[in-house]
Structures are given as structure tokens and as C-alpha cells.
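Presented below are the structures under discussion, each in the form of C-alpha cells.
Next, two complexes with subunit A in common: one pairs it with subunit B, the other with subunit C.
On to the complex of A and B.
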């Protein structure tokens, strides 16, 4: 781990006011929503603590362009002129992104617990809070690896657009996979749907898992080993691919 | 001179690549295995197929517990592993029910098998997971029969026994007690038998199975009517007695017969009229295995649909009312039948 690169990544994140502003908005939105439900509308929110969607947004905001922006302004070649390998650089970037996003996600959970403590103390279950916190960290670690690969492939913050396009493709695949054979005219369209739909469905499901790698901790004793293996496979594969692609890339010495 | 170890900036971490490859292979194999063996944890429960359960239920007269699930449904998998993985719950299910895990495959395969489609329709399954208990004598019944309103009688019996009566004695504010009672009843209805929808914790499942057990142990209501034995009838179906005889034919389950029990037998107005002016006789017909005596009586009075009411007057032809009769129409029918005697 190279601390200088980690610090540089955090500074890079804090330097952009737009990014900070969006981060604050995404950070506070679920807390506000729960507070309004509890204090103004006097309605219990569907979930006391925000779910993976808002955590994923935090990771995307913190980590987008972490390598791409250095590719864009040509500072990556300068960084790599020091005695460090691409692997160390990628690992440091990954560490910096998941630590920063985990801090944001855990502080968001802490704020949500505080709101619940004041309004619905009886509903707070320490085991739920711990599980939610651990799941947040797991998502941050996994999604950071995905974002590192995307950021190493494109310059600037295009990795964000790349991620959104991939998410839409995965959702589309799941949507196509849910088509029912009866809804399609008989003959070759029905045959095509019956063959393609299961394939699309599984591709979409795999895509959704890859773009938000998670391990459900609600039943610790019954976590399937395949899910744990898939989670670590996503992290290892995406980091390997990021290193592999950067190693074979011609790095520019100036702004692209 | 010793040469310092040189590591290229573009050094490939081969160990990481190999680890990633091994993990990817493991993940693919694991997911393929999961796909082919979706049961996973719930090994404690002896699941049957729909057809096996049907045969066994009819033989042993035990209710069938359908657990409607889907491979893509996370809460279903969680419930199957957490709740059905518990030994006490598994024992209760194995002892009292014939459990069937009905997996919806409409998303993976485009459509379900006809047996799954029929069972989902019968239990009115709109979301997963859903638990539904179907008594052995309603295995062929439609959705309305399975969710019969006749169970309101049993529900009220249970609701009446909810522990808020003591609150009146303790001097608690009446409005508070009333609100709490309402909430208790609502809570009871939310977990209504025979269906239980949504993710359930082990405690929810225990509570649901407890309620189902009560439901199955309570016999259908006979109401407030003083039923007597069947009088002797002559060859033309006329009674030997001088007072009018009312014979009510009801099935042991099913929505129409349950409605009749509620609207006629439980109602004060109709029950007092029947008790005062008639000799009431109840003929309960088993929906699944009707007795020879019941079949013969139905044939004798040419009854085409159950429930039915027959009024027998001395020296007159039997007056027959087929099908469900509401309280209003039952009163009209009875008054007209009894007036004709006067």
C-alpha cells in the first residue's frame, strides 16, 4: 500500500466542489427522508436504515474517475515514474476508494441510527445495525474494485457513464429474460424467446451481481459458499483486469 | 558486485491473476451447482411433490402446507434456510402437515407446469413467499372455498379470547383498551389463515402454524339452532310428525355452506324462528367423501346444489330451496312455507 497515492486520491475527491456537493446531497437524502417520515408525517419508514442503492451511489461519487482523471491530465505517467509498480498503484487506489466510501456509508448509518434513537428507540436492534454496517462495507469493497477497472479503461469520469450503461444493459437483460412465452406470437418468435430469455435472464442477474457485489449477512450461518466465492472472484478479477489493462496501455505524458 | 533486484513498473502480479482465475472457476461451479440443487438448507422438512402430497393427504386426512417460492426470490431463500432450517418448526410441519415446496419457474422457463399453475391459482398466489394451508377435503376446491369466509366464526372465537379482558378490570382507559383490541384483531387478520404472505421469521411461522392448527381443530359452526334427529319419513318423503320439519343440507367446508352457517345458523332472528316453529335437522355432507345416507337424501328431495333447505309439512309435498340462501331470502322462504301450512 502506498500512502501517498491513497492521500492523493482522497485529496482529489475533496478538491472537487461539485463532487463534494453531490456527495453531501446523497449522504443526507435518506436521513432526511426518514426524519420527515418519522417526525412530520408520523409514519414509520419502510426501512429504518437506507439500503444498498444509496451506498452504491456514495461509492460511485467518491471513486469515479480515480484513475481516469490521472489518465486524462497525464499525471499517471509521472506517478508511475516513481519506484512503484502498476499493481501497487491500482491496489492503493482501490484501498483509498473503499476506505473513503466506507467512512461515508458508515457515518450515514450512524446518523440514521441517531434519528431512530430519538424517535423510535424501541425499534433499534444492535444486531440489525451491525449487519447493515458490515453489508455497507462489503458493498463498498466490492464496488470499488469494479469502479477501479472501469476507471482504468476510460479517461476522466467516463467510468460513471460506463457503469450506468452497463447497469441499464443488465436491467434490460433481466427485463427480456422475464418475457413470458405466452405473450409472444406462436412460431419462431416463441421459439426464440424460449431459448433467449433464460440466457438473457442469467446474464442480467450476473451483471447485476457484478455491478453491486454483495453478500447478504442476515443469516450468517447459511451464507452459500458460491456467493462468497462470486464476491471474491469479482474483486480479484476486476483488480487483475485493471492491472493487466494499465500494464498494456501507452500512457500519455500530457493531457489527452 | 551484488546486483539489486529490479522490479519492472509493469510487473504482472501472477499470483493475483491465478487467484482470480481459481475464484472465478469456483464461483461459476458453485452457481451452477446451486442452480441444479436449489433446496440448499431446508433438509429437515420432508418436502413432497404436488401429486405425492395429494395422494398422501387424501389417505391420511392431513392438510397440505404449500410454500410458494421462486429461485430468484431472496426473502424466500432466507426464509427457507432460517425458518425451515429450525428443528422445532420442521418437526411441527412434518408432524401436522404434508409440506410441498412449490417453486415458480415462470421467469426462468417462460411458464410453470399446469400443476404449479393450478395450485398457485387455488391459493391466490400474487407474491413470494406465500404459505398456504389447504385441508384434505378442499384439495379440489377453488380459491373462494380455500379462503372461505366461514372461518370468520373461528376467527371471532379466537379474537374473543385475546387477552385484553383483564384490562377492563385494571381500570385502564376504555378508549385505549378498545384501540388495543382493534389492533390485536387487525394483527390477527394480517396473519389470517389459511394464507400467510411475505417474508416470515421463525416466530411468524410458529404463530401461523399455531393458528392453522386451531383452524383445523375447530369444527364448522352449527350455530344457535337446536338441531334434532331426522324424523321417520314415509315413502313419499312426508314426516310422521305434525310439526313442520326443516332439513338443512350443508357441506363440511366451502364458501357457500360457510355463508349459510353464518347468515342462517348464527343469526338470532332466523335461529329463533326455526327453533320456535320447526323441528330442525342438520345434514352435514362431506365435500370429499359424501355418505351414502346423504346421497340418498339429496336424491330423494331432488337437490341439485348444496347448501339447501327443505321444509317438510304434514300431508304436503316437500318444499325445496337449492343453493345458498341469504338471511333475507331464508326468512321469506320460511315464512311463506310455514304460512302455507296455516
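On to the complex of A and C.
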């Protein structure tokens, strides 16, 4: 781990006012929503704590372009001219992104708990809070690895677009996979649906898992260990691919 | 040290480039074509050549940013991408792409830390380098985005010196620098050279290369077309042009003999001017005095193009057949 790279990544994130502004908006939106529900509308919100989508957004805002922008600006070559390996660089970037996004996600949870404590203290269950916090960190760690790979493949913040397109394709596959045979005309469409839908569904589910590696901790006693193994396999694979991709890449240099 | 061991050390030190080939666009553009050159440790080596000759590609390969298709590079006997080599090499890029949000001092600290150098000397060492390159202390805490081209160049040069490199690769170091900066740079390069640093200088400013380097390679079409040893031969073979008015036909003087008497060499004689190489700078006055005595109404005396300029000009004008021959 190269501490200088980690600090540089955090400072780079803080230096962009646009990024910081969007991060603040995404961070505060679910808290505001719950506060308005509890204090103004006097109704219970759908969930006391924000969902994984909100956490994923935090990771995407913090980590997008963390390597790609250095490729784009041409600063990566100067960094890698120093005595450090590409593996050290990638691991430091990953560490910086997941730590920063975890801090953002956990502080968001803390704010949500504070809001709930003032209005509905009876609903606060410490076990739920701990589980939610752990799930947030798990998602931040996994999604950061995905983002690091995408960022090493494309320059600038195109990794964000890349991620969104892949997410949409995965969701579309799940949507197609949920089609029912009775919903389509008889004949070859029904045959096609019966054959393709299960395939699409599983591809979509796998895609969703790969793009947001997650382990559900809601029932701690029954955690499927295959999911845990898959989670770590996805992280290891994505980081290895990022190192491979950067090692293979020729860095932009000079005018010729 | 035993003799065989010392010869091995000499063999291993320096930069060896052997048969380097690099192509772009699927082999359509040959940037480097069997380029071979050896750079000895402690020497100042210049690289000159026209645009697109392959100089920058060579630098990219030396820094292991680009992977050659064929051939080898060794720096102190190790490949250029070895971590040990990166500790030995400092480089100033042509494109000064730095993190604009950092301050100059933060930038230096970042590179000092990346080099794995001790934290306790970071502040003093970085400030010392910034002072050494003549960067105004009031700008050290200013964001880099507010720096001028010349300031960026000085900061980049200071960054290249972090870690006391044994090899210093400089790509157009004087680009955008003011005259005072050029003089400072020249002085710094002299100091570094005298302290044993190997300098590889890629520059279009031939006078700077001539004043700094021991040897200069002329690169064209991805090949080393020739290496000029600037240490060899007369140190001052600058040509001078003398121009006069009046009627040269009325003067019956053998100019060749006149110049020969003063140990100078007449290169070219025309009705209204001549070009000569003096044996020393002090003989010019006596030559002019004799010419005036003989009736030449001299109106101009200027030093002509320097040695490297002539070399560059000569190499550029050579046809490919001449070069292959």
C-alpha cells in the first residue's frame, strides 16, 4: 500500500467542486427524505435507513475516474516513473476509494440513525444498524474493485458511463427473464421465451452481482458461503484484471 | 577490487540500447528502426533530430512507458522497468501534466514520498530543490494551475532531482523558460554533470545541447545517423562572417594568405563577404585591422552558425543513400 497514492486520491476527489457538490446531494437526499417523512408528513418512511442504491451512488461518485482521469491528464506516467509497481498503485487506489466511500456511507447511516433517534427511538434496533453498516462496507469494498477495473480500461470518467450501461443491460436481462410464457402469443414466441428467459434471467442476476458484489447479512446464521466465496472471487478477479490491464497499457508520453 | 570485477562494473554501468524497434499503427509507422547507442555513466548525452525522428519514442522506451517491438535497453545492466532503475532515474517530461490542484510544495512532497525517501528530511529537501531551480518561494504554496509555463518547467526540473538520480532524462528542459532560467538551467546541468550525474538531453535548442553535452546523437527516421563528439577537436571552431562595401575588385589582396598569416582558415570568399574560422578569439582583431589597412570597408562581423548547427544542417541535407553508405 502506497500511502501517498491514497492521500492523493482523496485530495483529488476533494479538489473537484462538482464532484463534492454531487456527493453532498447524494449523501443528504435520503436523510432529508426520512426527516421530511417523520417531521413534516408524520408518516413512517418505507425504510429507516437508505438502500444499497444510495450507497452504490456514493461509491460511483467517489471512485469514478480515479485511474482514468490520471490516464486522461497524462499524470499517470509521472507517477509510475517512481519506484512503485502497478499492483501497488492499483491496490492503493482501491483502498482509497473503498475507505472514502465507506466513510461517506457510514456517516450517512449515522445521520439517519440520529434522525430516527429523535423521532422514533423505539424503532431503533442496534443489531439492524450494525448489519446495515456492515453491508454498506461490504458493498463499498466490492463496488470499488469493479470501478477500479472499469477506470483502468477507459480514460476520464467514462468508467461511470461504462458501469451504467452494463447495469442497464443486466437489469434488462433480468426484466426479459421475468417474462411469462402466457404473456406472449402461442407458437414460436412462447418457445423462444421458455428457452431464452431463464438464460437471460441468470445472466442478468450474475451481471447484477458482479456489478455490485454484495453479501446479504440479514440472516447471519444462514449466510450462503458460496456467495461469500463469489464475492471475494469477484474482487480478486477485478483487481487482477485492473493490474493486468494497466501493465499491458502503454502510457501516453510526448507528442509523437 | 579485482580487475575482472571492475571491468564487469564498467560494463554494467551506463545505458545500452541495442537494435531498438518500435512501430505504431500496426507496424505502418516505424518510430524506431534498429536504433543502437551506448551512453556512458557520467556523460552528458544530447539527442537531436527533426520532428518525428523518434526522439520522444526513444525517451518513452527508456522510461519503460512504451514497449519496444524488438531490441533491448539496459540501464546499469537492468531493464528500464526494474524498480531499482526507477530509483536511479529522474525525468522531466516535455508535457508538463501535473495535478493542477496541488501546490508546488505538495507536488514535491508527493514525489518525495512516492520515491520512498525518509519523511524527516522531506520538507528541507523539497524546499532546497525548489530554491535550487529558482522557483520563487511565494509560489510554493500556490496551486499549480496558477503557474506559468516557465514556473512549471522549474517545478518539473525540481521534481526530476528528487531522490538524487544517477540518470537524468530531460525532454526540452528550457522550453518556455525566461533567459535567466535558461542560464540557471545551464549552470545546474553543469553542476549535476560535475557531480557525476548522467544527463540525457532531448532538445531542439542546439546551442543549449552544445553547451551542455559531451556527445550528441543525430536521430533521423528512427535511426542514429551519427554521433558527434563535442569534446573532440578544437573547442572554438566558430565561423565568422565579415561583410564589406566598396569595390573589392580594386583591392588586390590574397585573402587566403592574409587569413593564413593569422592562423585563420578561410572557408568561403565572395565579392562582398567572406567566412573564416579564427585560430583563437584574440586573432580576430588583428585580422580586421589588416583588412582595414588593405582597404576593406568592413560593415559587419558576426559569428556564424555554431558547430552543432552545422552538424545538424549537414546531417539533415544528406540523402538516404549517403546515410546508408
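In the analysis below, the second predicted complex is superposed on the first by the 253 of 256 C-alpha atoms of A that agree within 3 Å, B and C clash if a C-alpha of one lies under 4 Å from a C-alpha of the other, contacts with A are read in each partner's own complex, and residues count from 1 in each chain.
Operating definition for what follows: contacts are C-beta pairs under 8 Å (C-beta built on N, C-alpha and C of every residue); 3 or more make two chains touch, one makes a residue touch a chain.
This one's a predicted model, so the numbers in the text were calculated from it and none came from an experiment.
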(message) With both complexes superposed on chain A, which partner does A:103 reach: first (subunit B), second (subunit C), both or neither?
(response) neither
(request) Have a look and say if subunit B or subunit C is in touch with more residues of subunit A. (result) B
(message) I'd like to know which partner A:154 touches here: subunit B for first, subunit C for second, both or neither.
(response) neither
(message) On the A-aligned overlay, A:85 touches which partner chain: subunit B = first, subunit C = second, or both, or neither?
(response) both
(request) Report for A:12: first if it touches subunit B alone, second if subunit C alone, otherwise both or neither. (result) second
(message) Quick one: is A:169 in contact with subunit B, with subunit C, with both, or with neither? Answer first, second, both or neither.
(response) neither
(message) Tell me the contact category for A:75 with respect to subunit B and subunit C: first, second, both or neither.
(response) second
(message) Tell me the contact category for A:224 with respect to subunit B and subunit C: first, second, both or neither.
(response) first
(message) Show me the subunit A residues, by the header's touch rule, that subunit B contacts in one structure and subunit C contacts in the other.
(response) 80, 84-85
(message) Looking at the complex, which residues from subunit A come into contact with subunit C?
(response) 2-5, 8, 11-12, 15, 73-75, 77-85, 250-256
(request) Within their complex, state which residues of subunit B touch subunit A. (result) 7-13, 16-17, 19-20, 23-24, 26-27, 29-31, 33-34, 40-41, 72, 74, 78, 81-82, 85, 106-111
(message) Considering only the defined contacts, which subunit C positions touch subunit A in the complex?
(response) 31, 52, 54-57, 59-60, 63, 65-67, 83-84, 86-87, 89, 91, 93-95, 97-99, 101-102, 110-111, 113-116, 159, 171
(message) Using the touch definition from the top, list the residues of subunit A that touch subunit B in their complex.
(response) 80, 84-87, 177-182, 193-194, 197-198, 201, 205, 216, 218-219, 222, 224-227, 229-230, 232-233, 236-237, 239-240, 243-244, 247
